[in-house]
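Each of the next two complexes has chain A plus one more chain, namely chain B in the first and chain C in the second.
Our next item is the complex of A and B:
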C-alpha cells in the first residue's frame, strides 16, 4: 500500500444528534432557519451595492498593472531604447514577440521591426523583466479592445506611440521607474561578471 | 332593454381595457421591481441603463422580444404549440376579472369568485403541460410533467387553506369577503386564519412555479423547463402569464387575508364626503398590500434554493394538506360555537 508523506489521523466528523427534542420541533415548525436566511437577505438589501458602473465609472488601474505594451524612448535621442538583443522574444511563453535586426554600414545593430501580437500575449510581463534596458514596458492603459486583428498587432511605431500616449506624463514616469525600472541603472553584478556596455 | 344591454356591454369593455392595460403596466414594473430587489439583495444594482435607474428596462425587453424571430421546432405539434401560450395568458388574465380593486369594483362581480379563481389557475396548468408536450423536447416534456404533478398537489392545499376564509365570510364573492373583514373585530382575516395564510402563501408559490418550488423551469436541470423551445413573443406570453399569475395570487392573498381594499375605519369617517377620494385611497391601499406580497415572493426567491422533487411532494401532501384540514376543523368548530 502506498504510504502518504503526510500522515494524518482520519478525521471523524460527528453530525449533531438527530434525537427528537421539543426545541428542534419548534425550530422546524416556525422555520427559524428560513427566517434567519430571510433576515440576511433583507439586511443586505439596505447595504451599499459593490457594483462599479464600468463604462460610466472608470477605475484607474493600480500601479504595476499589466496593460498595453509600449516601447520606451530614449530621452536624449527620442529613439527606441530597444537594442534588439531578443531576450524578450526568447523568454516570451506565448512567442508573441518577433524582432528583426540588421547590421548597418557602421556595424551597428539596428532594430528594423519589433512586432508584438497582443492577441497571443498572456500578459505575464516576462518580457519587461527580461529586458536589460527597460526598453519594453507595460502601461496602465487597458481599454484597447478592437474588432480588427490589425489594430491589436503592434509594430514598433505603434509601440512607440503607446509610450507617447500613456507613459509620457510625470505620473507614468514615476510608475515606470518604480515598477518597470530599467535594470541598467541599479544593477550590480558580482565581481568579474560580464556587464552591459553602459553600466559604469 | 337592448339599449341598456349595449350600455352595459360598452362599460364592461371599457373596464376590461382599463384593467388589462393597467395590469400590463404593473407586470412591466413588477419585473423591474423584482430585478431591482433581487439585485440589491445580492449587493448588485440591477438594471441601470435604460432610462433613469433602468426604469424603462422592461419596455426595452418587450420591444426586443417583439422583433425576435418566431421559431417553431420542426417536429413540434404545431396547433398545440401555438395554442399553449394563449391558454396560459387567457387563463391568468381572466382571473383578473373577479378581483375587487376597490369597493364594489370588479369587472365581473360574480358570486363564486373564489371558485372561479381556482378554476382559472388550474386551467393555467394546461398551458404548461401542453407547451411541454407540444414542444417535442425532453426538457420541455419533463418540465410539463413536473408542473402537472405539482399543480395538482398544491391545488388541493390551496383550496383547503381558503375554506377557513369562506367559513368566516360566509361568501365566495371576493367583494363580500373584503366587506366581511371590515365588520370583523381584527379587520384582517390573517389574525384568526394565520395557519390558512401560511398554507396559502406556500401553495401559491408552488402554483405559480416560483422559487423555491420552480421545478418545472429548473434551469440547472431542464434548460428553461416547459418553455425551452419558445422564443420571441410566445416566450413573452408565458413570461407575462407567470407575472400576471403572481399578481392574481398576491391579490387573492390580499383580498382573503389582508383586508383587500379595506382602509382603517377613521379614514372613512374623515373623508365620508367624497366617495371618489375614498376609492382612490382604497386602490392605493390594495396596491400597497399587493406589492408587499410581491416583495415577499422576490425576497424568498433571493433567499432560498429549490426544493427537491420528493421534498416538494411530501411538503404538499404530508404537511400542508393535513394542516389546512386541521385549520378548517378548528375554524368550523369555533364558528359553530359562536353562533
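Our next item is the complex of A and C:
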C-alpha cells in the first residue's frame, strides 16, 4: 500500500450553515453574488465567439476519424484487396457486413458481393482492425446523410468508389498507412514460433 | 338560474382527491426516457413511482452471443456520456476473469482518458442540472470545455462519444505528443473554468433556494438504498472505489475524495464540482508520470489481437488472430467474477459467468443509474413538484445505462 492510501482522509466540501450577520443581510438585499455572476457573462460579450456556423463553416474531421467505409484497391491491379476471409463480418457487433464468395475455374476464391449496411453500423472500426490485409478502411468523410435507404446500403462497387473519392490522393494514402495500415511494431519472435524468413 | 336560488354547498360531502400526474417519458428534465407517476396533493408530492425500460435494448442478453472483444462496443452505449469509463470497467472485468495483466503505460493512459471522460460527464451534468433549475448560462459555458475534451477523443481514437478505446489487455492505439501537450495545457486552465461555473451559481440566492435542504437523504439511508458515487458521498460517506479498491493507475496518483455533510442536492453538487478539480489533478499526474513501454500486453497472445505485421509474417499469430476473432479468447478459465469500477455516476459493476467458452455465459451490469432511480421516491416524496426536477438532476442518471 502506498502512503497516501493509508491516510484516506476525505475532503469536506459542504458549506457551513449560514448565521445571521449584518454582512449577510446586505448580501441578501443587494444580491451581490448574482451581480458578480452577471459581470462574468457581461465580460464574455467582448470575447470571440466559440460556436461554428456549421453548414456554412465546415469542420474537418481529425486524423484517424472513423467515418464512411471504403474498400481498398490494390495499387498494382486496381482490384479490391479483399480476399473474402469473413473476419470483418465475424467481429462486427451489429452484424452489418455480409460477404458472398464463390470458387472460380482456377479454384480461386472470388468475392462476389460485399454488402455493408451503413444504417446498422456502429462505427467501432473493429472490421478495420480485424482485416489482415487492410482491405476495408474508414475515411474521414462524414456528410453522407440521405433520404433513401438504398443510398446508405453499400455494395462492393459503392465501397470501391468511396476509396476513389476519399482515399486515392497522396494525403489519404499517408493517412491510411498511419491509421488503418499495419501497426508499426518491432517484431519479437517467441521461442519455437514460426517466423517469416524475409523479415529481419 | 339566479345565484341566490342555487342550493348551498354541504362542506361535509365535498371530496378532494390526489392528482395523478405523468411526468415523462419525454420530459426534457428526465434526462432520457423515464416516466415518473406523481401523485400530488396540491403542490406536494405524495407518491412517486418511477417507470423505466423505455430504452431497453437487451445488452446483457446480446453479450451472451458475442465474444468478449465483440461485445465491447455495447458498453459504449450504456452510458453514452462517458463511454470511456464503461469500456474500461468492462475491459478490467474481462482482464480479471482471464488473468491478463495490462502494461503500465496502458494503465496510465486509461486512467487519464477515464478522468477526461469523467470531466466531460460532470460538465454535461452541471450544464443540464443548472438548466433544469433555471440557470441557462452555465450550460453554454460548460459545453465549451466539454467540446474540447470530445475533440481530443476524436483525435485520439476517431470518435467523439462512442470511443471503444480501451481494449482487453491495453488500449487501442498510443497517444500522440500533440494529444499529451494539448491536454496538459487544458489542465493548466481548467480549474479556473470550474471557478467560473461556481461564480455563476455557487453562492447564488436562487440556486440556494432551489438546492439547499432539498432531497435530503441521510448517510444510513443512502447506504441502504445502495447509492454510490457523488450521490452517496454527498451524504458524508467516504466511499470511492478508486481509493478503496484501486484499479489501473489509481494507486499511483494522489487525489482527494470530496464528501458532503447534509446529503441534500447542494452537497451533491459541491461534491461533483470538487471532483472536477480532483480529476484534473489526476490527469496532470498521469501525464507527468506517463512511462514508456508497450500499450498492449504481449503475454496473452490467446486473448489479444496480434499486430497486423505479425499476422502476415507468423503462422501462430495468424491462427490466434482468426481464433480470437471468431471464437473469442482461447482457453478461457471457468468461473465467475464481479469487478466494480468508479464510473462518473457511481459504482459500475460487471459480473461474468464463464463456462470456458470464448463468450460469457452470463453478463450482468450493475448500473448506478438504475439503483439511483430506485432511491428517487425517497428523495421526492414530501417535497414539491418543482423539486422533483432538482432531485432527478442531483442523482445524475442516464437512462441508456439504467434500461440497458
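Everything below uses one rule, namely that the second predicted complex is superposed on the first by the 165 of 200 C-alpha atoms of A that agree within 3 Å, B and C clash if a C-alpha of one lies under 4 Å from a C-alpha of the other, contacts with A are read in each partner's own complex, and residues count from 1 in each chain.
The working rule: a contact is a pair of C-beta atoms (placed from the backbone, for glycine too) under 8 Å apart; a residue touches a chain by one contact, two chains touch by 3 or more.
Keep in mind the model is a prediction, meaning the values are calculated, not measured.
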Touched partner set for A:130, first chain B, second chain C, both or neither: second
Which of chain B and chain C A:91 touches, first, second, both or neither: second
Contacts of A:33 with chain B and chain C, given as first, second, both or neither: second
Partner chain in contact with A:53 - chain B first, chain C second, else both or neither: first
Which superposed partner A:41 touches (first chain B, second chain C, both, neither): both
If touched residues of chain A are counted for chain B and for chain C, the larger one: C
Overlapping contact positions on chain A, where the chain C interface meets the chain B interface: 34, 37, 40-41, 50
Chain B residues within the chain A interface of the complex: 37, 39-45, 48, 299-300, 302-304
Complex interface listing, chain A residues touching chain C: 2, 4-5, 8-15, 28, 31, 33-34, 36-37, 40-41, 50, 61-66, 85, 87, 90-93, 122-126, 129-130, 132, 134, 138, 179, 181-185, 187-190, 193-196, 199
Partner chain A, residues of chain C touching it in the complex: 66-67, 69-74, 76-77, 137, 144, 147, 151, 154-155, 157-159, 162, 164, 173, 196, 199-206, 233-234, 238, 243-244, 246, 251-252, 254, 256-262, 266-267, 270-271, 273-274, 298, 305, 307-316, 318, 321-322, 325-326
For the chain A and chain B complex, residues of the former touching the latter: 34, 37-38, 40-42, 44-45, 47-51, 53
